[in-house]
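In what comes next, chain A is part of two complexes: it sits with chain B in the first one and with chain C in the second one.
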Partner chain A sequence: MDTGMDVTELDGGVTCIRLSGRLDSPGIDRIEVKFTAAVVSRAHNAVIDLSGVDFLASMGIRMFIASARGLHLKGAKMVLFGAQPLVHSVLEHVALDQIIPIAANETQALERLQG
Partner chain B sequence: MNKSLPSENDSNQDLTILTITRSTIAPKVAAEKREHFLVAIQGSQTGRRLRFAADHPITVGRKMVCDFVLPDAEVSGKHCQISAAPDEADATVTDLQSTNGTFVEGKRLIGSIRLPNGGLLQLGGHVLKHEYRLPSELEQSLELDRDLEKASSYVKALLPAPIREGPVRTDWFFLPSTTLGGDAFGYQQLDEDTFAGYVVDVSGHGAGAAMHSVSVMNVLRQRALPNTDFRDPAQVLHSLNTTFQMESHGGMYFSIWYGVYEPKTRLLRYSSAGHHPSYLAQPSIQELIPLQTRNLMIGAMPEAKFISSSVEVMPGSVLYVFSDGVFEVVTKEGTQWGLQDFLPLLRRPESAEVAEPERLYRAVQDVARPGALDDDFSMLVVTFV
Partner chain C sequence: MAGAASHSEAGDGAQLLLTLANDREGFDQTRLAVLRHLAPHGASQQLLFKVELILEETLMNVIWHAFPDDEVHPITMSVQVEPEDIVMHFEDDGMAFDPLLAPAPKLPTSIEKAVPGGLGLMLVRKYARSVAYERNAGRNCLTVRVART
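For the complex of A and B:
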């Protein structure tokens, strides 16, 4: 499945990005510029839906870290949510929640933005 | 080149007048055309490339009369033919009634089928790839391959020799991916009583990731971290994190598993950062012990804290330390493998024919889709006598 990205704006100006497919090196090459522009340039709080992502490699994690850091510098926050078991185990192994909050679903992700 | 200008008084001025004109009839340069290639990516002929065209189909088989000869007992004398139609990106593969079949994208071919650019063809133990590209693009790609090959050789040259004697024995299998995945590993005796080993995996691919992994490996080999006790895994990770922040290293971070073993106490202390567990197999106990500490990857955050843990090691135990390229493979059926799919392979009996790390590589290759693996395969096996 090709890597996909869909951007919407939720209530309160929160950016919601729904990713799909494989977040490996070729997939990240396709979306990284758009992703960074949609998240960091807007400088709004963002929630990232991973429910459509079936593989997450180190380049995908690097993209999340760079964007979360960029947002942090602008006083905003990013939360990941909805990861499938295989992707969730990768997030667990790299202990990514120590720098980016990870939620089970969209509702919890929006709550984490308030926390 | 700088020249002084002639002065007005210079009687022997030698003036050169340059007239530039533009021709309205530009010389005709023939547009570069894409060409078809068949390249071996797995098997004894790996790297061999052969051009074919609409007016020049090629045959593949075991006999010398074929254009692309594969010395493989499972390949028929004349196995299949590859052809192309003028100005079409797809090629056509025709099975020449081979005994063991021609497989396209994992499915046995009956008659003929179109093979797109990048499509894979499997005959016996060989995998061939169809490429439709500009000759100039091909030359650039080959140049990049040569650079990656050099980087790969450098990484390999730094890997330690297996240890066959003493209380701690090691063996490993390392196969870099075609794009180089940034893996590195090593081990050494820190002092009379302490042995240390590690596996590093830098994010991303290519020569940059490989060079970064070499930097980390050199720092660990030479114990070149300031004020660091290399017998303390958490301290080593903390110092690495201070030294290798991603902002100052091209945005690259890395994961690591680092362990220190003392034969006298039989204690293995370890710390992992952004890395999946290593596994300890104890004799006559079926269950594997996962060895992992929950630390953030190295370079992601300057203020990250690192913890370590320890385990007592029974005589005859075997430790498996590896990179994610070992288990993050796509199977022949097209499904994505994860760590849990790989773990049962560790508990299969050792082979009498090949060393344990290579047995594991072959087992993974058996389930993976044809062709080279997507990431480096690094498997370090440590046996505690």
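For the complex of A and C:
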């Protein structure tokens, strides 16, 4: 499955990005510029829906860290949510939740933005 | 060679041999060839995920870091299905690099301190049953075993 990215704006100006397919090197090559622009340039709180992602490698994690840090420097926050079990296990192995909040679903992700 | 992953199969069908160039163009073809090879062996979704992750992280590490020049270098690899393990073997003539000697990345405690690097090799070590390295005749030789169950 190709890598996909859909950007919407939720209530309160929160950026919501729904990713799908493979977040490996070829996939990140295709979306990284658009992803960074959508998250960091807007400088609004962002929630990232991973429920449609079926593969995640370190290139994808690097993209999340870079964007979350860019957003942090602008005073906003990013939360990941909805990861499938195999994708979630990668996030756990690198302890990503130490630096980027990870939520089970969109409702919880939006709550974490308030925390 | 650039952009074209070629492969040949051994007689018993249990081993796949591949050669790819040190660019990123041939990566997807290599990945798909490995998946085709494993398809008849009843690999679970979880096992395929592990194999794909190790393939991506290992090959990208070689492609990004092994060659200081701009020349084309072949990377050879094999995938062997054994009763207990899937065995992936990688060889390249790049700079000597033993991933087992690389220090584990320090996991960041805050987004300010996060340095996004070194995660790929850490994932390989987490998902593999074993990783073995030797430098042989000027080549990096890496063998990664992944448990089938």
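Here is the rule we go by: the second predicted complex is superposed on the first by the 115 of 115 C-alpha atoms of A that agree within 3 Å, B and C clash if a C-alpha of one lies under 4 Å from a C-alpha of the other, contacts with A are read in each partner's own complex, and residues count from 1 in each chain.
What we mean here is this: a contact is a pair of C-beta atoms (placed from the backbone, for glycine too) under 8 Å apart; a residue touches a chain by one contact, two chains touch by 3 or more.
Note that the structure is predicted; figures quoted are calculated from it, not measured.
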Clash or fit, chain B versus chain C on superposed chain A: clash
Which superposed partner A:D24 touches (first chain B, second chain C, both, neither): both
Touching partner for A:H72 - first (chain B), second (chain C), both, neither: second
Which superposed partner A:I61 touches (first chain B, second chain C, both, neither): both
Which of chain B and chain C A:L10 touches, first, second, both or neither: neither
Touched partner set for A:I99, first chain B, second chain C, both or neither: both
Against chain C, colliding segment of chain B, chosen among 3-11, 21-29, 219-227 or 327-335: 327-335
Shared chain A surface residues [contacts with chain B and with chain C]: 24-25, 55, 57-59, 61-62, 65-66, 86, 93-95, 98-99
Residues of chain B touching chain A in the complex: 179, 201, 203-205, 246, 251-253, 255, 273-277, 292, 294-297, 300-301, 304, 324, 328, 336, 338-340, 374-375
Touch list for chain A against partner chain B, complex: 24-25, 54-55, 57-59, 61-62, 65-66, 86, 89, 93-96, 98-99
Chain C residues touching chain A - in the complex, by the definition given at the top: 24, 27-28, 45-46, 49, 52-53, 56-57, 60, 107-112, 114, 116-117, 119-120, 122-123, 126-127
Touch list for chain A against partner chain C, complex: 24-26, 29, 55, 57-59, 61-62, 65-66, 68-69, 72, 86, 90, 93-95, 98-100
